[in-house]
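First the structure, which I've put down as structure tokens, then a few questions once you've had a look.
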């Protein structure tokens, strides 16, 4: 069940728990051996993965070139700082705009495609952007990328805050993430959210019910590109650089892995879990072996083989089993399906 | 003038002619039947009428307007609704959600991020009424995939009705149903005929003869007979074309 | 130097590249047609083929004593020929393993199979990096196909000619196999309708296993031939798999001649643009793809298939 049934509040109980963990993170991070910087990375990639899951989990469109939009966001932000020195907000705005525009353009070519053709076309487009990023030295700095994108002060109207410290940066990223979670939750429970899920389950029927399927697919692709752009802007802000690596096929595949390993097909929170698993695996496995990707890849294959609905799917099943044990005695039979 | 007409439709796939000079007219408020053996071109005919395929030649009109070659969603938005021979439901949605997503308000509300159709009393009320029409009022909270076959068939029709259509095309609604299911469906359509304009594809003559006001018989892509069930019964040609089953 | 003859070497390069691309794409399209799986590990299998060949051609056999010395004393050509047989077989075995894993995802969401192969791609690539190290390596080639020759007033690389001829022969053999043998007929039937194959009493699982292995072996062969042209890095698979994707989409999924025509088109586009703008030559294939797909939605030879649902 991807969206809740019945009326949902603007901020749910699960969200409150998540926000509590999110904003208290710097207080307990070091106690469990973590640090603020990985928190920033995780927050950024959660924004990216949640936006991506609009496409994959909700609409059922597997894009393998989404890294392009993250990268475009990163470059747009970086260029705005280097050439315009426009400040954080303008930079992020430009990042979102650039990624949205690119995604909107790509979506024009993709929105009438399905299945394998869709997946292969997204790979092709992703590669184009990646390739241009490497070759267009004058603008992107080639393979090295844009360097020395210094973190400016964050203007908040009355005051401005330095983002030099990773802790401040973390709170900024976390605040943006919280806003994104609320926005996405709202979108998914609106008619638009119902429509994209309807398209995933049965595109033909949706079309014959009068839905402009092409336009809806275009919108959702573009929208998820916008989220990737925001994440990209934050990425550049954090890394103080933008480079083509994040646009490669592998990097694009990572967001798909994160989304699925957490259970993006069955839960709103799947991508959140998946991103955390990925970064913890990188740090934990990475501290043991150089070839952490080998082990992470094996882990991922095992998940696809034995628990393809990911962490959320396993959790759902365990919860259902525990629940059914509690009520099993009196009401056997049909109730389980409701 | 007829609510929905097809004039001289031709359609071929490759070198196979599937529709040849097919003309049909469906009256407002009536139940029309399209009959013929499997592979006679009935489904293609529906697909051309509802916009899935564009006819090679000919014209389709709805309410006096030419809708030939329009996209399926465009035709649907004008008030033409259909069900499918192969079940096309939103399987992970509950029965109620299947209906909700078919409501015109929900479709028109795509730009309203703060409206929650699943919590809107009016929308839910209407959706429940639609479910009640097909006898699924007790199944509102069941995912479509978990419904038994006969109820899925009923939901398939209900989704088409939820769009508040001015004409409903039902493509082989008895597909896969047993004698009992057929009888129940027959009773259901008898109820619905007071509220909707219906066009039904069927290869079972007995089923249509008891329901339709007018029947067109299609064979080899052509309309070979037309008339009221009574008039058709008299003709021998129907017997030659139809499988001649009786319930 | 006039225009056409100046272009000829680039056309030859393009042809060689295109034929090898086509070979990769053929394996890819066979797998897609029979198993309905996009094999994202295809590029890694390509790289694996080249690395195994490297191992076979110049192995460290000091532990084997005289036997090892005897092998090392064989002429390079002989060892190369042995590698051309053993390496694809090794890749096929890895393919078998992957297919056995994939089996669990059949009948579930298509994304699961796709993602499983992506995981496999990571694993194979990392395993290569771990075994052979991250540095670029050189795959030795026999004397007979090394160096250059002069024709007219242009210099041609012998190896490119060899690669083109080899690619042509390999594609021809695949065609003969698919079109003229009963096995080929079964594979084509499996691609068309797996239920029918089962109804004919053919063991579908075994067919899928063999087709996957065969497709993987084709990637492996292409890897061996392309390695001296591209150099050998653990990451080289991506350079191979991307053109293969494009070619499949360009030619139409599931079409033999589509893959061949697509491969040649892409190879020629890359080769000829290479004459004018070396840096941007790869971009030409993307532009070609977008161009073709704007005109023909399912590629040159594509038909509407179940793969789109």
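We just call them A, B and C in the order they show up, numbering each chain from 1.
Convention: contacts are C-beta pairs under 8 Å (C-beta built on N, C-alpha and C of every residue); 3 or more make two chains touch, one makes a residue touch a chain.
Model, not experiment: these values are computed from the prediction.
Put simply, the chain nearest the middle, going by average C-alpha positions, is A.
Summarising the inter-chain layout, the chain whose CA centre lies farthest from the centre of chain C is B. Chain B and chain C have Cα centroids lying 49 Å from one another. Distance between chain A and chain B, defined via averaged C-alpha coordinates, is recorded as 41 Å. Averaged Cα coordinates give chain A a centre that lies 33 Å from the centre of chain C. Multi-chain contact residues of chain A (touching two or more other chains) are absent.
The residues of chain C never reach two or more other chains; the list is empty. Across the complex, chain A meets chain B through its residues 1-2, 5-8, 186-187, 189-192, 194-195, 197-198, 201-202, 204-213, 216, 337-338. The touching residues of chain A, when paired with chain C in their complex, are 56, 62, 109, 112-117, 119-121, 123-125, 127-128, 131-132, 135, 248-250, 253, 256-257, 260, 265, 290-291, 293-294, 296-298, 300-301, 304-306, 308.
On chain B, the positions that touch chain A within their shared complex are 50, 71-73, 76-77, 81-82, 84, 88-94, 97, 100-102, 104, 106-107, 109-119, 141-143, 146, 159, 163. Those residues of chain C lying in contact with chain A across their complex are 32, 36, 38, 40, 101, 104-105, 108-112, 114-116, 118-123, 125-127, 129-130, 238, 242, 245-246, 248-249, 253, 279-280, 282-283, 286, 289-290, 293-294, 297-298, 307-309.
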